[in-house]
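Down below are the structures I want you to see.
Look at the two complexes coming up: subunit A is in both, with subunit B in one and subunit C in the other.
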Partner chain A sequence: MDKTYIIGRDAVPSDIRLAEGESMRLTLFVPEGTDCALDLTVSLDGPGASLDLAGGWRCNGSENVSLKVTVRHNVPGCTSRQLFKGVVGGSARASFDGLVYVAPGAIHTDAVQESRTLLLSDSATAEARPQLEIYADDVKCSHGATTGYLNPEELFYMRSRGIPEAEARAMQVEAFLAPILNRLV
Partner chain B sequence: MSDILLEIKDLHAGIEGREILRGVDLTIRRGEVHAIMGPNGAGKSTLSAVLAGRPDYTVTAGSVSYDGRDLLALAPEERAWAGIFLSFQYPVEIPGVSINNFMKAALNARRKAAGQPELKPAEFLRLLKEKMAFVQMKGEFAKRDVNVGFSGGEKKRNEIFQMAMLEPTLSILDETDSGLDVDALRIVADGVNALRTPQTASIVITHYQRLLEYIVPDVVHVLKNGRIVLTGGRELVDRIETQGYDSIDG
Partner chain C sequence: MNDLLQQLSNQEYKEGFVTEVEQEYVPKGLNEDIIRLISGIKQEPQWLLDFRLNAFRKWQTMPEPHWGHLKLPKIDYQDIIYYAAPKKDSERPTEIDPALMDTFDKLGIPLKEREVLAGVKSKEVAVDAVFDSVSVTTTFRKTLADKGIIFCSFSEAVREHPDLVRKYLATVVPAGDNFFAALNSAVFSDGSFCYIPKGVDCPMELSSYFRINAAGTGQFERTLIVADEGSRLSYMEGCTAPMRDENQLHAAVVEIIVEKDADVKYSTVQNWYPGDAEGRGGILNLVTKRGLCRGENSHLSWTQVETGSAITWKYPSTVLLGDHSSSEFYSVAMTKGRQQADTGTKMIHIGRDTRSRIVSKGISAGHSENSYRGLVRVNPGATGARNFSSCDSLLIGPDCGAHTFPVILNRCPQAVVEHEATTSKISDDQLFYCGQRGIGPEDATALIVGGYAREVLSRLPMEFAIEAQKLISLSLEGTVG
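Let's turn to the complex of A and B:
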């Protein structure tokens, strides 16, 4: 199952459930100029279910973007992969809450969550709160969150070859979001 | 067209409030290759950074005239459009940007600045293939992200490939020999030599004499403590090789 939701255009279900052996490739994207407050739960309810979730947001004005994503590993032997990438510029605010919940008895859970933010201006704010709640033994879970700026070395290298500054910045932003944008086409 | 391509007068520059160049004077004519040699910390890389317009360096005094224009007033991209090319000592990795897209953006930006139409995709591809072959880079590199996972030699060849694509009027090679084995050195030097024309000039910045066996300079300068302390012909290279930089007063 392959689902893509463009926020502001598509209605996103708040509750997605995967049964035994089901796998889902889910992509969420918040385009520029979109405010949103999204609260999504994906439950892995049957053994062997797997989720591949990618989410991205790009804001460059005064957007207010809030994403809350919960992935519940309710039974043993399920897999989840989550990658979130956000570009936050202008005076936009973006917050990401990501919870991975592993229920009692959901052994052999394999969960990875990663969130990366690119800040484009000093007046933009971005918060990321990754959380793991693990109530079962013998699981593999990891999460990571980073926030960074455009790399000045890359910018100068591109400009030294004749790429104008604005275009060089845009290319870096595209490159950063590519893992998400590539899933939209 | 003036014979003089670059004229640096009493250039003082530094980074983070620390003065590194303390009055550099240098005149380069079209058709010439100048070597700038010097010990570590002499200011060689600062000079190349200032000429290319690196934003974190500050010029505190002096002037640089390039092709009759005030070079220091130009943004880095404008310098590239005017024909300046810096081969980086440490070429930068750009994850997510392929060599193909990188060069297309660079070439078309310069064409736009010159009032020329964009290259047609087939023309661009032909040019790309031709110049990659010129530095013995495999065609598959075009799809790879710029410098990501490249060996030292591959990065330097990629610099010369870009130079061949952009056909600069003034090329500045900053320690292009560092970290290269003899084969890679020869490829790089052959590339640079093949791009020499009576209208263009090169500045070869190096600590060692090795590269200058392959790229033969017309003029050799010794940079020490932020100043050019000695200028001469090729014989200077041998003197530095046998007597070292300490033999030269600075």
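Let's turn to the complex of A and C:
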């Protein structure tokens, strides 16, 4: 199953359940100028179910983007992969709240979550709450979260090769979001 | 293996004894008269009484916090004795009750100025020993005073250095900061006060040891540490309590002020009584610890080893106000039985080029719940701020829980914040490998956990590191099922 939702255009279900052996590739994207408060729960209800979830957001004005994603591992032997990348500029505010829940007895769970945010301006705010709630011992779970800025060395490299600053910055942002954008086409 | 689990349930908490000593109490309950009474016993000046009453009025309007990942038992604040002190025959420090002397001796805390913890003789440690609501003695005061260092109980500091106390009290943790800090501000009894003057490198480790003894009481101590420009200090804190079927409340406040170029290291080995295997009794450890890196280049390092308490609710935090200031937080939290821990840190970046590092290692066994909760906040002006956090959890047994709840709030486009967390268990392969080499499952687990926690344990002062290592391997006994 492969689903793509552009927030502001498509209605996103709030509750997705995967049965035994089912696998899903899910992509979410919040384009510029879209305010949203998304609350999505994906439950892995059957053994061997797997989820590949990616999400991105790009804000440059005064957007208020809030993404709340809960992935529930309810049974043994499920896999989930999550990647979120956001770029926040202008006076926008973006918050990502991602919970990985592993139910008692859901052993052999393999869950990875990654969220990365770029801050582009002084008045932008980025908030991340990556959370793990784990009630089973034989599991492999990890999450990572970063917020940072455009690498000045990359910018210098491009400018020294005659690429104007604005264009170079746009390229950096595009490259940063590429892992998500590539899934939209 | 079931035998081993059985052993764990019956495992002894060796600090769980009660000292038979005559004590005086204030009546049960909490109201303005009790606060006036405590303040009166301690012969406090009016401004401090006003501070207490003001905090009490704030506290009355505040709700008890329940946002932690904890099942907090109902606390009846009117059913607690807020002040208990051993009766004394004459003025201290000339005479210490031999029973108290024995107590601290048994706990390995030297009240005479001689050897130090764990038989390591080379270094001296100054101790402020707090028994229920009063400080019993503070050692090495003369040696320290020669260097201009003030190290004494909080009550003495109020009497002898009122200006200093008044200048710094509640500047880091305001009276109305949170529910338990407000409660502490209203009823705090004793604690330690420490002032390191400009440019002084404290010649020995300073430490506070807290002991709860009386039944039906709570301990509400307050510690205030001020490190003036260019000074250095390493401070340690330890604590234990008797085994009882009732929960006892411990709501402390620690405030640390670090001025320009000063360096403070604060280490805690927390070993309050954790309750029995079914979760009866144990200390409710609800404390507020916060440091302010006020000056440029100031540095504050927190190291904590949490093995005790039925419930731990503790977030040692640093406000990085001075430019180029830095802070670290190293933590090992071990829970077993029915213990619950919700602990972590807050790093607030305000100054430019401020740096912080968080390393948290959680170990859960039995039916316990162990959570890391943290906040990294970067304010708009904190250009060049940098944070790295790493939080790992280790699960031992199928019935425990391990959780990670970090919050990252970044408002500065020239700052980098990184967080990573993993959860895992001791694998059968690791145990098998050790087993093949003749290392039994118990020792193998201790070995693996020791390695897992080493990054944090190695930060502890030597005297503490040995004790902490022992505590952890003792706590692990029988957890392998």
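One rule holds in what follows: the second predicted complex is superposed on the first by the 185 of 185 C-alpha atoms of A that agree within 3 Å, B and C clash if a C-alpha of one lies under 4 Å from a C-alpha of the other, contacts with A are read in each partner's own complex, and residues count from 1 in each chain.
To be clear about the criterion, a contact is a pair of C-beta atoms (placed from the backbone, for glycine too) under 8 Å apart; a residue touches a chain by one contact, two chains touch by 3 or more.
Not measured: the values here are computed from a predicted model.
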Three-chain arrangement built on subunit A, subunit B and subunit C clash or fit: fit
Subunit B versus subunit C as contact partner of A:Glu167, first or second or both or neither: first
Contacts of A:Asp137 with subunit B and subunit C, given as first, second, both or neither: second
Touched partner set for A:Thr41, first subunit B, second subunit C, both or neither: neither
Vertex subunit A, arms to subunit B and subunit C (CA centres, degrees, nearest 10): 100
Partner chain in contact with A:Thr146 - subunit B first, subunit C second, else both or neither: second
First, second, both or neither for A:Glu154, with subunit B first and subunit C second: first
Which of subunit B and subunit C A:Ser91 touches, first, second, both or neither: neither
Touching partner for A:Ala126 - first (subunit B), second (subunit C), both, neither: second
Partner chain(s) touched by A:Ala175 [first = subunit B, second = subunit C, both, neither]: first
Residue contacts on subunit A - larger count, subunit B or subunit C: C
Overlay on chain A, subunit C to subunit B nearest C-alpha distance, Å: 14
Footprint overlap on subunit A, comparing subunit B with subunit C: none
Residues on subunit A engaged by subunit C in the complex (per definition of touch): 104-105, 107, 117, 119-149
Of subunit A, residues touching subunit B in the complex: 152-154, 156-165, 167, 171-172, 174-176, 178
Footprint of subunit A on subunit C - complex, ascending: 69, 380, 393, 395-425
Interfacial residue positions of subunit B with respect to subunit A in the complex: 52-56, 75-77, 79-81, 85-86, 88, 91-97, 101-103, 105-107, 109-110, 113, 162, 166
